[in-house]
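Note that the chains are named A, B and C in the order they appear, and that numbering of residues resets to 1 at the start of each chain.
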Amino acid sequence: MSVWGFPTLAGSLVLAPLFLGIVNRTKAAFGGRSGQPLLQVYFDLAKLIRKGAVYSRTSTWVFSAAPAASLAAALSALLLLPLAGFPAVLSFPGDLLLFTFVLATSRFLTIVAALDVGSSLEGMGASREAAFSALAEPVLLLGLAVAAREAGRDSLAGIIGNVTAADWQRAGPAFVLVAASLFAILLAENARIPVDDPNTHLELTMIHEVMILDHSGPDLALLLCGSVLKLWVMAALLAGLLLPGRTGFPVLDGLMFLAGMFALAVAIGIVESTIARLRLDRVPQFLVGAGAFAVMALALIMR
Amino acid sequence: MRVLLDTLMVLLVFTNLRLLGLSRLSASIRTVAAQGVLLGLIALAAHVGPWNARILLIAAAGIGIKGVAFPLLLRRGLRAARIRREAEPFVGYIPSVLAGVAAFVLSLGIAARLPLPGTPVSDLIVPTALTTMLVGLLLIVSRKKALSQALGYLVFENGIYVFGVGVAYEASALVEMGVLLDVFVGVFVMGIIMFHISREFDSIDTTHLATLKE
Amino acid sequence: MLSALVLIPAAAAVLCFFIRTDALRRALLLGAAVAHAALSLSTWFRAPGDAWNGTLRLDAIGQPFLTVLSALFLAATVYAVGYLRRESPGEREDFLEGFRFTNAPEAVFTGCLLFFLSTMTLVLLSENLALLWIAIEATTLSSAPLIYFHRHHRSLEATWKYLMICSVGIGLALLGIFFLAVAASAAFGGSIPLSVHALCERAAGLHAPWLKAAFIFLLVGYGTKMGLAPLHTWLPDAHSEAPSVVSALLSGALLNCAYVGILRIDQICVAAGLGPYAQGFFVWFGLVSIGIAAAFLLAQRDYKRLLAYSSVEHMGILALGLGLGGTAAFGALLHAVNHSFTKAMLFLLAGNILTVYRTKSAPEVRGVLRRIPVTGVLWLAGLLAITGSPPFGTFVSELLILRGALDQGRFWIAGLYLALLTVIFIGMAATMTRMAQGVAPQIPGATPRREESLAIGPPIALGVVALVLGIYLPPSLDAVLHRAAQALGAG
């Protein structure tokens, strides 16, 4: 348990909605609009907390408990992640697996809540989410495996922020493949285009949005917070795995990390604006393609 | 230079996997054109020592013929056949991509057992060449449209070409020219045959070409 | 002089596309064939020097095959003149399915035929492996339009398969050449010559694992072109859908050219000490080819496909003989010569039968002996020849291969070889004799006509050669074949 992890934890909680704001602003820029204010997500959270919640008569305690539990799971993932040169709050050998499963738990709770509503639309979204994450999770583990093999360590602390420029020189192509693979998984897990359109209003085309259709008020705020944190966590994982160089100075490390996150947010926005959403039966191909990259990277590193 | 060459090789393998998963024929032709350009760049990157006129000519010929001329020829064939997409192939798209990845891993294994004598410029040459060849063969065997089979043949030849330029011995000049000549005429003749196929059957689905048996 | 052998047909081919009158074009075809035959005959009397800076050379392996090629092409040309006269331009009706189709323009046929001759000659004369490879690819490309002479969907299918399968095989052979260059890099340093002669000289310095890999790829690649099972799948379709003249050349000459390609790499392997390694593969491919041919011959209803599978069988015998080595290797080379004459004759006869009976189905053909007697007699003689009965040359060569197997104490191989040959004899004899005997049915639409001299002259000539070679082997041919066998390590 490292105390030095708490500042970054706090910083993440504060900055995560801003990340989503940057993504949305980038999309607006591509669309020729000025778009939402950068701090819109904060305003949304504040608005939602003040409202009251409405619960359906067909739902049970699971429905009301799930948002909080899901956010708790996302926060636990954050506890395991070392950011910006600071150590993680919790770190032990094998915490890669716990990281992945905690994210999976968060997703599971959302799915269960969706099923608990008793409506077919949420059930449809839940089944889609479950199917796609069944493909996405192994790929995430593979990507982490590649990074772990490369670093020779089995803890997140060992692999994040450990990549130097020399490593890039030596195994550049493998890193590019892992980056592409993890980026694809990031898009899939966080319901971004090309897997899911967060701005659609047609329920039949939604995956993530339709699962949380019935939540309102503080529950929705917790869910929004959870999804924003999940996006931050996965982006931070990607940035930490791939940013080369590590100076000894915390401030410089922190600035580099923030710059990386900013770049990643812009990249997500660009990808969302330029690629069309995939037909639902093509999403497995997309995920298998990401898996193929990860396997190739693994093969390249292990030869 | 080594990292650049490795990156180009990995990009080549990426184009192979993309071809395995694509059903739109015009996108497939574009991918094969990209492969041609990559091959020219690989020829330049794998050359030991400063670039001379011969290697520049080979790279230019590779990019010109494989990256520009063939795709043009094939696109004309595509327009003549008036089709857009490949029919569901004998081996589905996801199994094809997985088979391509398996081919890559297998090629890495084979290359480990058959090391190039001397100091090779990159140890990804043999795996990439073998992968590309296997992917080409898979495309020929599993696709139904004659155009896809011709593309598979091009990819197969690309794999052999990668081996030739990567190994980069002085003797290979003649053979490189031979490859280009052969593929040129081969694709030319295949283009003619495809034209006849499309005229004969009003489609270039090779499942029509299955009456001769036993 | 060697360059003339290659360039005269090529130049004639180009001219063919510019000539407008059919008669002049056929005369040009005949003229080029005669010139080619005269030149290759003259090589027996005066050994020609190297050409193109040593890349063209006529050695002991190339000479008998070159003579066979010239002879076959001349016979085929004479037959083709009559054939082209019969294949009148315009629409024709298909025998099998009744639809109407057209033939390719005669200029294309004649031109490609001459290119085919030119490229095959180049294969036989090439000393340089890269040039050999280019020449073999060129034979594929120049023979594809010949297979697609009758423009309908079956021949299109046969052509597409031929082009695809053979091109993939040739690609694999190219990879084999690259591997060979890698194997030779240790022995040669900077510039690596791909000449058979140079590689054999420094064969001891070749890197063994890469040489072995090179051999495998070259064997599979050229073996596809040669028709070794299981790479033979293009052969029956191409031979049955092509015009009989083209089938005769494909079986009699082209398969030999692919064989020569394999012989060249075997030369290098033997010189590098990998002879036994190579021989194992040859024996395996040989037996599998004979076996698969036997299986498909038994129930064959199409007599041209029957002959095609017989070609697969004989290519298997060639591979087996090469694999056994010693006397059997000599026997294999002799067999290549004998088989070419016999198979070409049979295909030309099949063309005659097709013209008269208008069907390719063997059960529907009856009474060839009565209807077209010369063809019928030659057909039966050809049956005896192709199955290796005395007094034909094929008997001697197949016996030599058997003796080679027994001498080495490989009784299982000898036994299997004999058993398969017996099965093939039964299969072919049953079909072919039934075709010859009986009463000819009334064929609608066919007017009874006498056999044209152009249609029976060439088969008679080829049959006579096949017979003579069985009784009397000219000493010069004997000597050349022995020298060739020695080059392949037969000792």
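The definition used in the following text is that contacts are C-beta pairs under 8 Å (C-beta built on N, C-alpha and C of every residue); 3 or more make two chains touch, one makes a residue touch a chain.
All values derive from a computational prediction rather than experimental measurement.
A.B. asks: Given which chains touch which, is the overall layout a line, a ring, a star, complete, or other?
C.D. replies: line
A.B. asks: Contact counts by the stated rule: is the higher one at A-B or B-C?
C.D. replies: When B-C is set beside A-B, the one with more contacts is B-C.
A.B. asks: Could you put a whole-Å number on the gap between the CA centroids of subunit A and subunit C?
C.D. replies: So the centre of subunit A lies 66 Å away from the centre of subunit C.
A.B. asks: Find the geometric centre of each of subunit A and subunit B from their Cα atoms only, then give the gap between the two centres in Å, rounded to an integer.
C.D. replies: Once rounded, the distance between the two centres reads 37 Å.
A.B. asks: Averaging only over C-alpha atoms, locate the centres of subunit B and subunit C and give their separation in whole Å.
C.D. replies: Centre separation, subunit B to subunit C: 31 Å.
A.B. asks: By residue number and range, which residues of subunit C touch two or more other chains?
C.D. replies: none
A.B. asks: Which residues of subunit A touch subunit B once you look at their complex with the stated criterion?
C.D. replies: Residues of subunit A touching subunit B: 168-170, 172-174, 176-177, 284-285, 288-289, 292-293, 295-296, 299-300, 303.
A.B. asks: Can you tell me which positions in subunit B touch subunit A when the two form their complex?
C.D. replies: So the residues of subunit B in touch with subunit A come to 3, 6-7, 9-10, 13-14, 17, 21, 93-94, 97-98, 100-101, 104-105, 108, 112, 123-124.
A.B. asks: Inside the complex, what are the residues of subunit C that reach subunit B?
C.D. replies: Residues 130, 133-134, 137-138, 141, 144-145, 148, 151-154, 156-161, 163-164, 167-168, 170-171, 174-175, 177-178, 181-182, 185-186, 190-194, 207, 209-210, 213, 236-237, 240-241, 296, 299-300, 305.
A.B. asks: For the complex, give me every residue of subunit B touching subunit C.
C.D. replies: Residue positions touching the partner: 114, 116-118, 133, 137, 140, 146, 149, 153, 156-157, 160, 163-164, 167, 169-172, 174-175, 178-179, 181-182, 185-186, 189-190, 193, 196-197, 200-201, 206, 208-212, 214.
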